[in-house]
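Note that chain A is present in both complexes that follow, paired respectively with chain B and with chain C.
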Partner chain A sequence: MASDLAPPPKTSKNPLGLLMIAAPVVLMGLFLLYPALRVVLRTFGAADGSPGFSLENYARFFNDSYSLNNLGITLWTTVVTLILLIVVNLPIALYLRFRKGRLATFIQALALFPMFVPGVIICYALIRYIGPNGLLQSLLEHVGITGYQTPIMTPWGPVIGLLWDAMPFTLLVLTAGLAGISNAAIEAAQDVGASRLRILWSIVLPQIRGSLVVCTSLNFLSLFGSVLQPYMLGPTSPELMGPFMLRTFSSVRDPLQAGTQATITFLICSVAGLLYILSMGNRRKAEKETVA
Partner chain B sequence: MNVSDLSRRNFLKTSSALGLGGLMAGTFVLRANAAPGVIDVIINSDTNILDFWTQVIKPGFEAANAGVTLNLVSSGGGAATDLLAERAFAALQTKTDPQVDFLEAYGPYHPADAISAGLWTDFPKAGLANYANINPVTVRNEWSLPYRGSQVVMFYNGDKIPNPPKSFPELIEWIKANPGEFAYARPDKGDSGACFIERALQEVTGKNPDLFKGDNYSESYAKPFYDKLWPLLKDIAPSLYKGGEYTAGNTPSIQLLASGAISMTIAWSDMALTAINEGVVPESTRLAQLGDLAFTGGFSTIVIPKSAANYALAVKLADFIISPEIQNKIVTGLGGFPSLKWDAMDPALAAKYAAAAPTSIPEFPGTWEPSLFDGWYREVAANLARD
Partner chain C sequence: MASLDLQDISKRYSNLAAVDTLSLSIADGELVCLLGPSGSGKSTLLRMIGGFEIPSSGKILIDGVDVAPVPPDKRPTAMVFQSHALWTHMNVWENIAFGLKLRKFSRDEVAAKIARVMELVGLTGYEKRHPSQLSGGQQQRVAIARSIVLEPKILLLDEPFASLDQHLREHLREEVRQIQRQLGITTIFVTHGQDEALALADRIVVMSKGKIEQVGTPDEIYARPQTEFVAGFIGVMNLVSATVSGGSLAFAGEALSAPVADGLATLAIRPEDWKVGEGAGLKATVTRTVNLGAYVLADVALPDGTTVKVHLDKARAVREGDPIEIGIGPFALYRDNMVIHRS
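And then the complex of A and B:
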C-alpha cells in the first residue's frame, strides 16, 4: 500500500504526463466503458428492444424467485467467505507482526503460496483432495472414520475455493496495516498491565481499520463476481451470479436479461467500491491533518 | 507483487463480473474488413475440434491452395455465434461484407428469416465435387453441410454392472434401483447431459424424434412436451449422485466415474474411448448404447453466407472437409463418424468401422435447447431436496 502513503501529486499541465495516460484511458473507454454503457442503457429499455425507458427487465428479475435465489446465494457466499477470510488471516497476520524468525518466514511463504497457483489448478486439486473418494476421504477411512461427505457440489465448495484464492491478498493487506502500528504504543499498554485481548481490541484493531475496510471491500468485488470456483466446485442450483450471467448470455441466449443481471451485480458491487473510495479519502484527509 | 495482484483481480472482475467477456468476444472478434485470400472460419465446437482444425484441416488446405490462409476463430459457442449470424444477415440486407466466410457447427435456422432471404449457401447446387458421396442419412437440409458425427453413450463400471440397461425404461429402473450410482452433466455444459434429457423428452412423448425439428419450436408447442418431461426427471433426481446433483460437464462426469463415486454416467463416445485408451478410467469401464432408440448425438454441420467476401474459397474449403482425405482423419484422429458413404472411405477403415457405426444418429435441434436447458435449471435442478 506504499502508493497510498505517497504525497498527492501536484496538479500540473505537463503534456507528457497526459500522453502517458492517454493510451490506457482510450483503451478503457473504447473497449470497456463504451460497450458497458451500451449494455446498461439497453437494460433500461423494453424487453422486446423497442425504444423508450422501461423497467420491464428489472421487474422480470425481481419478480422471478429463481433469479432472487441466485442473488441470495451469491450474497451468502460472499459474506461467509469474507468473514472466514478475516477469521483465518488476522491471527496469521498478528503472528507475523509480532514474531520473527524462520518459522514466521515459512508460514508467510505458505500463506502467500496460493497467489502463484492459477485458480483452475486449485479447483482441480481441491476436487482430487476433498472431492468424492478423494485423498482426504481415503485417509479418513484408513484411520476408521467413515461417512465423510464432500463439500464439493454444495454451497461450501465455492467458499473453500474462494478462501484459498483470496487468502494471499487479504494477508498482504493485513500485514501491511499491522506493520504501521508502533511498538511503543503496545509496550506502553503492556506496562500499565493491559491484557493481550485488550491490546488487540483497543490498540491494534482501531489502527488497522483502514486495512480491514480495504481488504473487505476489494474482496467483496472479486467474490461477488466470481465464476470459476462456483462453476467448478458449487452445486448446480442455486447458481452464483457469475455462472448465472454466463449461462443466461450463452445458453439461454438472452443477452438483455444477462445485461440486467450484470447491471444489478454492478450496482451491488459499487456499494463496496464506494466504501473503498470513502476509506481512501478519509485516510488521505487524516494524513494531511497529521502533516499540517 | 501487490500491484500486479490487484490488476489481475481488476481484469478478472471487469471481464467476468460484468459479464462482458462474451459480449466483447462477439463484438470484436473480427477484423474490420475481410482480406482477400484469408478465410474467416468461426469454430463453434469444443477445443478438441479447434485442435483438429488447427493441426489437420488448416495445414492441409493451405498446402493445397497456395496464398490462401485460414483465420480460425473460436467463438465460444452459443450466443456469440448467433450475433455473427445476425450480423451476416444484416449485412446481406444492406449488401455489405458480412465479415465472416464460414461458420462451423452451426445451422441455418438463426436468424429466423435467413433461409427465405437467401443468406445461406444451397449445398446441393454449390458444385461441390464430393457432395455426391455424402451419406444421405446425415443430411438435414440443403443449407447446412454435415462433416462429422458423434454420439452419446452409457459409460459404466463393467465390474459392478455386468448387464447394462438395454432400453430407456430399463435405464430409469436401474437408476432408481441403485440410488447415488448415476450422474449426468448439466445440460448446458458440454452437451452429454443435454443428450440424456433430450432422450428422456423423446421417451415421454412417444419415441417420435420427428416431433422436434429445427424450425418448429414455439413456446406453446413445446410446453405440453416439457410438462411431461419435468416429472420424470424430478422423479429420478433423489436417486442420482448426492440425491440430485449434476456434474459440471463432460470431463467431470468421467472423473466422477473414474473415482468410483458413481457406477454409470453419460458420455460422448469419442471422449469415453479416449479415457479408456489413456487409462483415465479403470479397464473394466465399458460403453453401451440403448437398443430401443439411441441417445441423441448428431452431425455437426457448417454454413456459408452466400454474400461472403471469400465465397468461392469458402465453398472450396467446404468441399475439402468432406473429401475422403479429411473424412478418414475424422475417424482416425477424432474418433468421430464420417458424413461420407462408407464406400467412398478408406476400405481398411470401412471394414473396421462400418458395421459398428450406426446407420443414423438421432438428432435434437439446437433451436429447442435454450428453453429446454433453462427450464431444466428452474424445474429440475432448483428443486433439490437438500438435507
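And then the complex of A and C:
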C-alpha cells in the first residue's frame, strides 16, 4: 500500500546533501559543460569567426562527400559491430546462464579476458595476427592456402577490434539480465508446451529487453565516438568520425570544423542516450508499480 | 483425470540418492500430499512426475503409459511452482493464454477457456494487470489458472503457498481443495507444512531421505504413525527412551505393560493423550506454559527429571511451578524406527 511507504528523504532541503554534490557539479560545469557549450555555440557561427547565427559550418559538412562518407562508414561500423556483439554474446550469455561447471567458468573467463587488456595492445595483437604478413597468413600459407585478404585497413578491421573490446561489457550486461529470469519461469514455459526456440523468443528475449537496450545504447555511444581501433585498424579513407575529428583538429588545425563534427556526433549519440534514459525511466516505473 | 503409478523410481546424483526405489499408486481424482522435511526428496519426486528430472531408474505410469522418458511438454501434467513463475512481461491474460495459443486453440476458444478459469480462481476483471500489480496470493491464483486452463490429467503443486503468510495460505488451500473437487483432477501437492497436508489431502505420503515412511489418510498418519520418524514429524509427540524387560516397560517409576522383546525402545505419547488430574499417578511440576488459544501446551517435569509436553484444559489455569498429577494414556512403542506395540 502506497500510504504505508515512508516518505522519500527531502534531500533538496538538506544543506549537507547540497554541499556534497556541489563540488562535482561545479567541476562538471567548469571543465565539461561550459567548454562543450562554447564549442557547440561557436559551430552555429560564421566560418570566419564573425559574430551572428549561421549554419555555414554544418552546410560545409553536409555538402562535403568525404565528410558524409565518413559519417556513413561510422554508422555502418557501429551498427554492424552492435549486431555482431549481440549475435556473438547472446549465445555465450545463454550458455553461461543455463550451464554450470568448469567449461562454463573457462568460457566466462575467456570472454571477460579482453577487459583486462589495454586497447592498444589488442590492436597490435590483431595487426600481428590477422594483419598483412601476420601469423594467420603465414599459417595459411604453410598449409597451402594463398591469397589471404587481411581485414586490417578495411572497414572490417575496426569492427573486429571494437568487437573484441566491447565484448566483456556486453556479456556482463546480458548475463546480469539473464540472471533475473528464474529457472521456474523457463520450466513453466516448457510445461505448457513451448519449444526451446519459442522460450527464447517469447520468454527470455522479452525479459532481457532492458539489458539489450542498455548494452545497445551504451555500446552505440562508445562505438560511434571510438578513436583507437578505427585509427589503428581502419582504412584511411573513408575514416571513422573519431580519427576524422582528431585529424581535423590536430593535423588540419581546423577546430571549428572539428567542433562541428563533434556536435553532429553528439546529436546522433544523443538518440542512443535518449533510448537509454527512456529504458531506465521505464525500469524505475516498473519498480515503483511493484512496490505499490 | 488419470491414475498414476510410480514403480521403483530412483533419482541419484553421484552417490547420493535423492529418491530411492520408491513405489506409489495414486487413484484417479485423488489429492495426495507429499510431506517431508527439506531434502526428503519430495520436490525431486514431483519434478520427475512433471518431467523436469529424468529418473535414474523406474517407471512413471500415467493411465498405464510409461512417461519417464517423455519431456514435460508432452506429458498430461501441469506444474504450479513455488515462486509462481509468472512471466513478468505478460499480463494475466497473456500468461494464461500462452499455453492455449501453443496448442492452436481458436481465439474464441482461448477467450472462453480463460474466462472460465478466471472465474474459477476468482480473478475476473484482472486480465489486463501485470504480475507486478498483483499480490502474492493473486499471483499464485494466476499460476494455478495457467496450469488448469490446459486441462491436464494430473496437477502438480510444488509448495505453492510457501511464500505466503499463514492466513492467506489457509484461505488459498481451501480454494485449491474446492477447485480440485470441482474439476475432479488428480492432484499431487508437495509441502513441508504438516497442517497444510492434514487439512488438504485425501492421503498423505510422508517422506524421509528419499524413501516413503508412511502412506495413509490424515487420520491414520496422525493417530497411527508407523515409524518413529512419522511419529516425531507429524504433530507434537513426546518421544522418550525406555527399557523393556520381561514384558514390562519402566517409565518414571511406573511399570507399563509392553508385550515385546526385551531391549531399548522409544515410548511415544501425544500431549493430548495424558490423563490429567487427581489420582492420575505421576506427581509432576509445570515448568512452562504456552497458550495455544483453545488449550494450553505445558512442559511438565516428571519425578525422574524427564520433561514431557501435556495439553491442559484452559479452565485449569495452571502456572509455571504449579504441581500437577498426570498419567500415561494411549501410547506406542518404536524400535529400529518401526512401531512394535500400541497400548
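Simple rule for what comes next: the second predicted complex is superposed on the first by the 280 of 292 C-alpha atoms of A that agree within 3 Å, B and C clash if a C-alpha of one lies under 4 Å from a C-alpha of the other, contacts with A are read in each partner's own complex, and residues count from 1 in each chain.
Going forward, a contact is a pair of C-beta atoms (placed from the backbone, for glycine too) under 8 Å apart; a residue touches a chain by one contact, two chains touch by 3 or more.
Here the structure is a predicted model, which is why all the values come from computation and not from measurement.
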item	value
Touching partner for A:33 - first (chain B), second (chain C), both, neither	neither
Which superposed partner A:221 touches (first chain B, second chain C, both, neither)	first
Which superposed partner A:259 touches (first chain B, second chain C, both, neither)	first
Touched partner set for A:192, first chain B, second chain C, both or neither	second
Partner chain in contact with A:209 - chain B first, chain C second, else both or neither	second
Chain touching more of chain A, residue-wise (chain B, chain C)	B
Touching partner for A:184 - first (chain B), second (chain C), both, neither	second
Chain A - residues contacting chain C, complex	182, 184-185, 187-195, 198, 202-203, 206-207, 209, 286, 289-290
Contact set on chain C toward chain A in their complex	50-52, 71-73, 77-79, 81-90, 98-99, 102-103, 130, 132-133, 143, 146-147, 150
Chain A partner contacts - residues on chain B that touch it in the complex	1-3, 5-6, 9, 12-14, 16-20, 22-24, 27-28, 76-80, 82, 186, 188, 242, 245-246, 248, 252, 255-256, 259-261, 369-370, 373-374, 377-378, 381-382, 384
Interfacial residue positions of chain A with respect to chain B in the complex	1, 3, 31-32, 35-36, 39, 66, 69, 115, 127, 131-134, 153, 168-169, 172, 176, 218, 221-222, 224-227, 231-232, 235-239, 242, 245-247, 249-255, 258-259, 261-262, 265-266, 269
